[in-house]
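A short write-up of the structure that comes next.
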Amino acid sequence: MFYRENGQFKTTYRADQQIFAIRQDRIAMALILAALFVVVPMFASDYFFRAILIPLVIMSMAALGVNILVGYCGQISLGSGAFMAVGAYGAWNFYTRFQGMPLVPAVILGGLCAMFFGILFGLPSLRVRGLYLAVATLAAQFFADWMFLRVKWFTNYSPSGSVSVNHLQVFGYPLDSALSRYLFCLALLVVVALLAKNLVRSAIGREWMAIRDMDVAAAVIGIRPMYAKLSAFAVSSFIIGMAGALWAFIHLSAWEPAAFSVEVSFRLLFMVIIGGLGSIMGSFLGAGFIVVLPIFLNQFLPWLFGLFGLSISTAGVAHTELMIFGALIVWFLIVEPHGLAKLWSTAKQKLRIWPFPH
Amino acid sequence: QTEQFIPLLSYRTGPYAPNGIPWANGKQDYIKLVNERDGGINGVKMSFEECEFGYATDRGVECYERLKSRPGVALFDPQSTGVTFALTEKANTDKIPLITLGYGLSIAADGMAFKWNFPYLGSYWTGADALVQHLGKELGGLDKLKGKKIALVYHDSPFGKEPIPVMQERAKMHGFELQLLPVTAPGVEQKSTWLQVRQSRPDYVFLWGWGVMNSTALKEAQATGYARNKIYGVWWAGAEPDVRDIGDGAKGYKALALNGYGQDTKVAQDILTYVHGKGQGTGDKNEVGSVLYTRGVIIQMLTVEAIRTAQEKFGKGKVMTPEQVQWGMENLNLTAERLKELGFDGIIRPLQTTCANHMGSTSVRVHEWDGKQWGNLSDWYEADPAVLDKMIKDGADKYLAEKNLKRREQADCGA
Amino acid sequence: MAFFLETLFGGLMTGMLYSLVALGFVLIFKASGVFNFAQGAMVLFAALAMARFSAWLPQWFGFESKILANLLAFAIAALCMFAVAWVIERLVLRHLVNQEGATLLMATLGITYFLDGLGQTLFGSNVYSIDIGMPKDPVFMLDSVFDGGVMINKEDLYAAVIAAALVALLTLFFQKTSTGRALRAVADDHQAAQSVGIPLNRIWVIVWCVAGVVALVAGMIWGSKLGVQFSLTTIALRALPVVILGGLTSVPGAIIGGLIIGVGEKLSEVYLGPYVGGGIEIWFAYVLALVFLLFRPQGLFGEKIIDRV
Amino acid sequence: MSNYNESTAGRKTGEVILDVQNISLRFGGVKALTDISFNVREHEIRSIIGPNGAGKSSMLNCINGVYTPSEGSITFRGQTFSHMNSRQVAEMGVARTFQNLALFKGMSVIDNIMSGRNLKIKSNILLQALRIGPAEREEIKHREFVENIIDFLEIQAFRKTPVGQLPYGLQKRVDLGRALAMEPQVLLLDEPMAGMNLEEKQDMSRFIMEINEEFGTTIVLIEHDMGVVMDISDRVVVLDYGKKIGDGSPDEVRNNEEVIRAYLGSSH
Amino acid sequence: MSQPNIVLNVNGIEVIYNHVILVLKGVSLQVPEGGIVALLGGNGAGKTTTLRAISNLLKAERGDVTKGSIELRGERIENLSPADLVKRGVVQVMEGRHCFAHLTIEENLMTGSYTRADKGEVAANLDKVYTYFPRLKTRRASQAAYTSGGEQQMCAIGRALMTNPNLVLLDEPSMGLAPQIVEEVFHIVKDLNTKEKVTFLLAEQNTNMALKYADYGYIMESGRIMMDGKAQDLANNSDVKEFYLGVGGDGRKSFRDVKSYKRRKRWLA
């Protein structure tokens, strides 16, 4: 009824190629952005910023990066945690070794480090495919874990191997309050998301998807698998690396390699698959799901049990949380194997023809 | 505002659960005991909330963010070295003291540099130092260590790496050879580590492990025929879960004992009467008085005493702010009598903190597993200030310089 | 030289144990095209059940015999695994017929979480032991040839024998029964397999049951070695390079892969590790597998990856 | 120099553009192709027919570099290759459709066809990310071209549908569209009309002939519908068990004894 | 055959893919015992969907039958699994072949005998398939993925025959087959039909062939049955003649002469 494209005619290809071709979508997007930048800061508490919003925004960025590789280019990767780690340690080394290096360039340089690392570990993808590649990317993960633990240079010979940053500033403004950190990450995310969206709807994005869907045919129409795959690895690990730098600098402030363990890689893969492979929007939904759900369950379950006059032990909550988390993942996959984003677009499609069922 | 809130991080699931559970139970039970037996601290009852984080740093940080602004919050016990590292800076801005008993940042003993960190009773540096002293004593003099070879088998994480500088320092001093053997967390596969041990045949093995790594190490030692009585563990590798299911296989294994333990101590008896006796016990009755359980109790006792000390200055019967608790923590003075009164006789030694010394005491003993239980406690060792003080100061200075921070003024200590 | 032999043996034995876990992956992949990440969780779950029941049963029914307790516990744990298999088929796989590999993989990760939670809820999170009477102390051989002899771990030796027997059995199962062929068909194309009347549901239950038993055996052996505790699940991560090196679809591949990885990682750690600070074996295993894959992208014995227009 | 030939179908054909010489292809024991030679002239519609498994698709695969022939060479516009490289072939202007539908299933119709124009896109990855100025103009320019193809193939209604959901026949059209987007000089079509009914086949024939006439595209066609082949092709090669058994105008082929025996059967 | 039994009765079914895409809008059809019924229609008409609905392979495509009923010899079969249907003798040859890529041709065929226990019977069936498609015999040991399109099509049909079916749902059997083989496939269909009383429902684009061999035909357009009737009647219907058989008033039209204007089927207008 309200969600219709009737009457909106596109007279130019340019108009048709907009990211949000339907007016209602554009309005919705503007509203969401306004909400994120203006309304949320008015209401969110410090805890909400630090424990939920900031991780959510940063993980969204990482998931976006993973989605480019896994969702768009079809190269399943379990090494994302490693790319984050390289981004984080790379940025840290630039930040501490060069006096006066500002934050944003450090983050970008961290992204570039991750990019080179990504390209290096992307090389096997030219020969190894599918699940074999997925498992092989774990090599990157464990190698990075080892490297940052063992090669002392990367941690500037800190005896424990743990490093930290403080007094962050952006363009002279200190990033101390949770709000400023949130806005900083959000602004970066918006920029990255826009650039990523542009990429995936351009020629390079089509190359990635072509490689994903049918690589022999792609080669026949002149797409070089090597270029497509490595560029996907590069772009993806660049974004993941930046997210890693943010995660370390903004969210953790002090970290050790375990902060980017294989568990993180799995979680990122979860995000993109639950969210929707090959969908920018899906990355965000998936990140939301995976970041928020455990925290929510952790706080909601005792309350729920309390309702029935039961008290539940901490361990009980933790175990129930695991079970519900696992069950929900399976349930969502069954309801819509193509992820939350697909669920979302199906809902939109229904809305479009509403009130008629078909 | 009538209650003092104690946030409790815990890990009752995941790879480190076997050790995390008794520890967490001890921490809870002591709070219950004080509330039940004494009616709180000068009448101020304590409330608590547990937050499960599964030994994952980021979830621990989330717990911190969630609980730090609860009304009446006193301090924070990060419960893992990783979380301690992550919180050290945040605590600085949030002005919340961190109690890290027997773990965390070794250089944080320097209270002038780390206002908010309290590695009570000892850090990994003091632990490593004491172990070397113990070896020296067994051999009949530290000079006998010359030419010996010690292998450090350690958990490959900040926790495991902390003792290395002290070990290296001591190796230089006494001329023993140090072999470093990292074990990838969580440490379930150590065959090659122990093959290397077999190859290089070190005279002693120091085991810096946590959780499943400890029992695996001892089992592999058995499987490769390395004498268990040549293995010495840190205090996180010297509790019941580490050896219980190996039984005789670990006979002769020794480890640091940060604290005394046992059900016959007064505090354990009190807990059995006032807490378990009223059906309020957190875990299994048999677990009361076990090594890690007792450690949890100690942490909570020190918390309570710090609050009590603070109340003495800022007003008895009032709920203390974190900043007031911080003052209490660095002005703690637990004499032998006081400890006895509290029921901790034989569990820990007297400790006194100051603005500059956040550790309070570095006393530690060594105990041995006889196949059924821990026992055969050695004398107390103190870390050698000649070795450590300079290292701590240098380390803290380097940290401050890197962070662009300043040492506290002496004036800051008064308040 | 003696030490080299020891390392070699040590590697072979560990490799054999990895194979046992890898076997679970291979079975399920071969039969349904599902890369089952839950294998690690299944190993833990089975081991927990076995450990707990072997302690509970004598308590409940007041008998002493250790052997009886172990046998009964094994049987009950196997039943638990059958139940798990059945539930997984009913509630998960059945609804995901014909979906892509990535989706199925994620579903098994969901199952992993669920099993981790369930296992700990039912059986607790402490360390439990399984005592099936494996000898713990090493024996020394060839004392006459080498000084100090060559140390061999008897426990590992037994474990390796059990693993080998299991593999032989499974290989037979796949080669000699018509089910074997049906399984491969299902892995290729769920829908087409349905269309010719292969009952996916039944097949899946069977395969997951078999995988459950394999997990149980693996859990029992690992558990008796290490104690049963949550960390057992991480063994799965160490077995993954074995799976890809041997080939996702090959039972013998899991064995050969296991041996190569086992030996490779131990030798590398012992002989290369010291030069770079140690702790390299886990990534070395992956890199080793990767190197093999560069020459054979489908693993040593895997089915050739089909690439045709 | 140009010695135009008048083909039987009444079409002006030019010089030899593609010359296949003595190609053999083996897979283990299977001899997919044995010593095949034939040529294709500019502007002509050249058909390859033969029973199932004769090696027709393999022949196309050799031409555009998917398979590497074990012997023989291929000359394209005067350049001789012992084996082709896919990218190079695409750059030289050879496009192709597939027998078993090799579309990019997850992409929409538009994106599938747009991907055919990727070779022509000049802006680099940074420009594409920023999507400013030249990159956007370029994208729009190509989009216009693709829209023309979509109009031409009459699939406007499905522009944004993921191709995986289209019925078989339409997918074949999209496949053709993707090939056309490359503006090829030579178009290789592998059974473009399989699974179509008569009306659809007529449409498809019309498309093929229009492409051939309007753009002067040379077409190599594999098809099992003899009606179509005999009606629209200029010359026909017949393969059987990897060997060439006939080559010539449709009429010659139709009356070739061996071809009748091996392939056509008596009813044609 | 005066009043043949109805084996398959499809009654007003509606099919929705993905919860939103309505594809079949009330399709009804009947297949009599021992008959050959053809289902004709253009691309996207919904033939494949209809067959999938019958053989219950729709679930795997995320489609659902939301209305109507399907009966096999009087028994409702919507809730049976495809395997149950195969046991009852209903088998579908899927569009697009779907051979098991890693299995050899012979193994592919043998999967069809999964439900058959009798070894002798299986061997006989295999022989039969090889006599129908000698080409398969020569390629029996190669992996299905590496056989030509036509060979795969034969393999798919052969595999279905291995189940000893009594009702075969054939989806575009002639696709990609050489004319001779097409002829042969239809011969086989007829053969099985007359000798072994196998019933066929075949979706086909090759209207010519289909109507030549079928007894009865349904014509589908956009998810509805537009026309049905005896095969001969349909073959003589002038619309069908023009649009499906290509024989206008003056015999077969050359593909050459098809011009660029688009004719529309009258009944759709």
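Letters A, B, C, D and E mark the chains as written, and numbering starts fresh at 1 in each.
The definition used in the following text is that a residue touches a chain if its C-beta (ideal position, glycine included) is under 8 Å from a C-beta of that chain, and two chains touch if they have at least 3 such contacts.
These figures come from a predicted structure and were not determined experimentally.
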item	value
Centroid comparison with subunit E (C-alpha atoms), farthest chain	B
A-C compared against A-B, more contacting pairs	A-C
Chain ID, smallest distance between chain and overall C-alpha centroids	A
Rounded Å distance, subunit A centre to subunit E centre (Cα mean)	46
Distance from subunit C to subunit B - Cα centre to Cα centre, in angstrom	37
Interchain centroid distance [CA atoms averaged], subunit B/subunit D, Å	75
Contacts with 2+ other chains: residues of subunit A	145-146, 149-150, 214, 216-217, 220, 315, 318-319, 322
Per-residue overlap in subunit D, given as positions that touch at least 2 other chains	66, 98-100, 102
Residues of subunit B touching at least two other chains	12-13, 17, 21, 156, 182, 184
Residues on subunit A engaged by subunit D in the complex (per definition of touch)	12-14, 16-17, 195-196, 198-199, 202-204, 206-207, 209-210, 212-214, 216-224, 231, 235, 278
Subunit A partner contacts - residues on subunit D that touch it in the complex	64-66, 86-87, 89-91, 95-96, 98, 102-107, 111, 114-119, 121, 123, 125, 128-131, 135-136, 139-140, 143-144, 147, 178-179, 182
Interface residues, subunit A side, partner subunit E - complex	346, 349-350, 358
Subunit B residues touching subunit C - in the complex, by the definition given at the top	12-15, 17-18, 21, 156, 180-184, 186-189, 191-193, 195-196, 198-199, 211-212, 215-216, 219, 222-225, 241, 244-245, 249
Contact footprint of subunit D on subunit E as seen in their complex	17, 21, 40-45, 48, 95-96, 135, 139, 142, 146-151, 153-154, 172, 175-183, 205-208, 243-246, 252, 254-256, 258-260, 262, 265
